[in-house]
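Okay, structure first, notes after.
Letters A, B, C, D, E and F mark the chains as written, and numbering starts fresh at 1 in each.
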Amino acid sequence: MIVTASRVERFNAAHRLHNPEWSDAKNAEFFGLCNNKNFHGHNYTLIVKVTGEVDPESGYLIDLKVLKNIIRKQVTDRFDHKNLSLDVEDFHKLNPTAEHIAYVAWHRIKKHLDPKFALHVTLYETERNFVEYEGR
Amino acid sequence: MIVTASRVERFNAAHRLHNPEWSDAKNAEFFGLCNNKNFHGHNYTLIVKVTGEVDPESGYLIDLKVLKNIIRKQVTDRFDHKNLSLDVEDFHKLNPTAEHIAYVAWHRIKKHLDPKFALHVTLYETERNFVEYEGR
Amino acid sequence: MIVTASRVERFNAAHRLHNPEWSDAKNAEFFGLCNNKNFHGHNYTLIVKVTGEVDPESGYLIDLKVLKNIIRKQVTDRFDHKNLSLDVEDFHKLNPTAEHIAYVAWHRIKKHLDPKFALHVTLYETERNFVEYEGR
Amino acid sequence: MIVTASRVERFNAAHRLHNPEWSDAKNAEFFGLCNNKNFHGHNYTLIVKVTGEVDPESGYLIDLKVLKNIIRKQVTDRFDHKNLSLDVEDFHKLNPTAEHIAYVAWHRIKKHLDPKFALHVTLYETERNFVEYEGR
Amino acid sequence: MIVTASRVERFNAAHRLHNPEWSDAKNAEFFGLCNNKNFHGHNYTLIVKVTGEVDPESGYLIDLKVLKNIIRKQVTDRFDHKNLSLDVEDFHKLNPTAEHIAYVAWHRIKKHLDPKFALHVTLYETERNFVEYEGR
Amino acid sequence: MIVTASRVERFNAAHRLHNPEWSDAKNAEFFGLCNNKNFHGHNYTLIVKVTGEVDPESGYLIDLKVLKNIIRKQVTDRFDHKNLSLDVEDFHKLNPTAEHIAYVAWHRIKKHLDPKFALHVTLYETERNFVEYEGR
């Protein structure tokens, strides 16, 4: 019995979209308001999906309390109430776009998950803009 | 033209997570609050996705009123305002975890659906915990 | 500057609606499915609104972390993953209707809140049924 | 790095489900209330998912402002506050079921999207009825 | 014990905003897209709030199944999948703005509700536009 | 006919809670994570409620497009993708708590609204924390 079990977690953070190899003018033009040098912020919602074989003894794919703790320890406790651009080392050389945040979250969680599981993350930056990454 | 058409239904039920082959201590430790011998409960949301070829005459994949009636008759009318552990025979030998409830709902609906359709169910146990099953 | 500050908390519980002074037939007829002797359950959402004068020094009406802790300690930790009818003493002599749960939550919170504040609670039993109580 | 980036847009429209090759009686029986000759309407929600390789320079899959503008110009500005059956040429020979609206939206967006991207659309007609199309 | 108990119901309808005493040009200018002569439509959400004294025997303010039936029979069954401007007599002489729809719904429900209750209705026309009426 | 008409708008911003008259230690202890010197951020949702007499000619309390434009010009365009603490003059001497943001939004809108209307604002900082202000 193959199922997917998912957990929703949230974090609130500031960031700035910026490519240091571009001129200020190009950054301003390309990233628009998101390039504000004083930062802006979002309530991010992270949905983590794990797929695999259900354990016939417990009836669980994975204990969602365990998954919640991995997500919090590896991702949301590190990002919550932080400035992603300044406070989080993962983004010192990586522009904190939603795509890159999802990529970093996927890799941080994957390392602490039993390798038998497939992993997929969805990251909502606003109610109307969201991205997905599954390790490809 | 291959499309997926989906219907959302809900039911409110009590349950207890418990493996009768484990000791009380192991059940309490593993399932935590969900093992409460007096039960607890949830507002479950069931999303049923059907995939196949659109009927060119009607422009429908499947009449969603028909799908709604299958879901209600086979699943939600049987589970709603019930104690899944005590009142629903499907769970007399199967621990009513979200994974197993999704599995049972899928099989109950599948039996009454035209076999030409693929079927996928998502079950939300809370706003932050949900599972998916598609018959594998 | 008079403001209202609010906090949303949740709990998942089983219950049974029943008046022990009525016959079984009258209970079944009046409460319908909610009278199931084996219980059913809900994901309850509790919105707690506090009204008063903003503190000019901090810019807070009340620290919402403090309010969250009062709600959890006095209400949601006591009700979550419980059977309200069996496990929670407040409902041994009080039918656990949404109205009464809101009433009990209001009184439990009020006792631990600075008396200078007005208090209002909203309790969602489902997405479509909810009640409000403000101590009158 | 393959990701999916998505944008949510909305439009409010009237429509009537009707097959002109069927008798009035058959239309009324099959489509029920949706066949009302005076039309009815919905708040439609359109979720547009684009999949491809992230641009390493910008960290974007696609600028979601660009995607928003394509969706608005090609779909939602044309459908919003319109009668799909009368005002929108795409539906003069195509019954405006949710399946067909999703199909039309997909083709209208696809034509203006870089061909390197895969495209998937979800259309909510109500909170409980929705369809998906991905060009197969 | 004074409480408010509320029920959420929905209906999907077409309408046109138009004042027959104004010129076509004035209607078009004032109501904009909402004046489309071929109509447009919405998924309306109606929240009905009833306030009064809880019945000490049942613990209910009002049986929400009874309130649901009043709302459906008096309002939503009459408005659902209809063209408010053409099919619903209440709007033959009253422009079906959200304000007027809320007013009509309030009066239709009030007539069938025990006069001891206060009544308040909220009508969402979209997720971002809504109105309230309480009989003043 | 007295009604309330409401409009929902959103903005995404960074901020830092800090009282410059307190020591760093006191700020850190009182505001906790919200005192992060590098800022954090939120997706704010602002609900603006206007109450008054419906215009019998149009059937509108107020044209919600007009209200939307006031909110955007006076509030959300000024706050969106900004750092409230650094970029918005209103908060140079006022700690940008949710309470104070609601207060500033109310005053900014009030000045541009016909004085015959009563005004109430609700500001969601997260899905679970929100405040209200109505000019008292």
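Keep this in mind: contacts are C-beta pairs under 8 Å (C-beta built on N, C-alpha and C of every residue); 3 or more make two chains touch, one makes a residue touch a chain.
Just so we're clear, the structure is a prediction, and the values are computed from it rather than from any experiment.
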item: Chain pair with the higher count of C-beta pairs in contact (E-F, A-F); value: A-F
item: Same or different contact residues where chain C meets its copy chain B, judged by the half mark; value: same
item: Greatest separation from chain A - chain, by CA centre; value: E
item: Rounded Å distance, chain A centre to chain E centre (Cα mean); value: 42
item: CA centroid of chain D to CA centroid of chain F, Å; value: 34
item: Centroid distance [mean C-alpha coordinates] between chain B and chain A, Å; value: 29
item: Touching two or more other chains - residue numbers and ranges from chain B; value: 127
item: Touch-based graph of the chains, sorted into line, ring, star, complete or other; value: other
item: Pairs of chains satisfying the touch condition; value: A-B, A-D, A-F, B-C, B-D, C-E, C-F, D-E, E-F
item: Complex contact set, residues of chain D against chain B; value: 17, 19, 21-22, 30, 32, 94-100, 102-103, 127-134, 136
item: Residue numbers on chain F that touch chain A, as the complex places them; value: 10, 12-15, 33-34, 36, 38-43, 80-83, 86-87, 126-127
item: Residues of chain F defined as touching chain E within the complex; value: 1-9, 49, 54, 57-61, 63-65
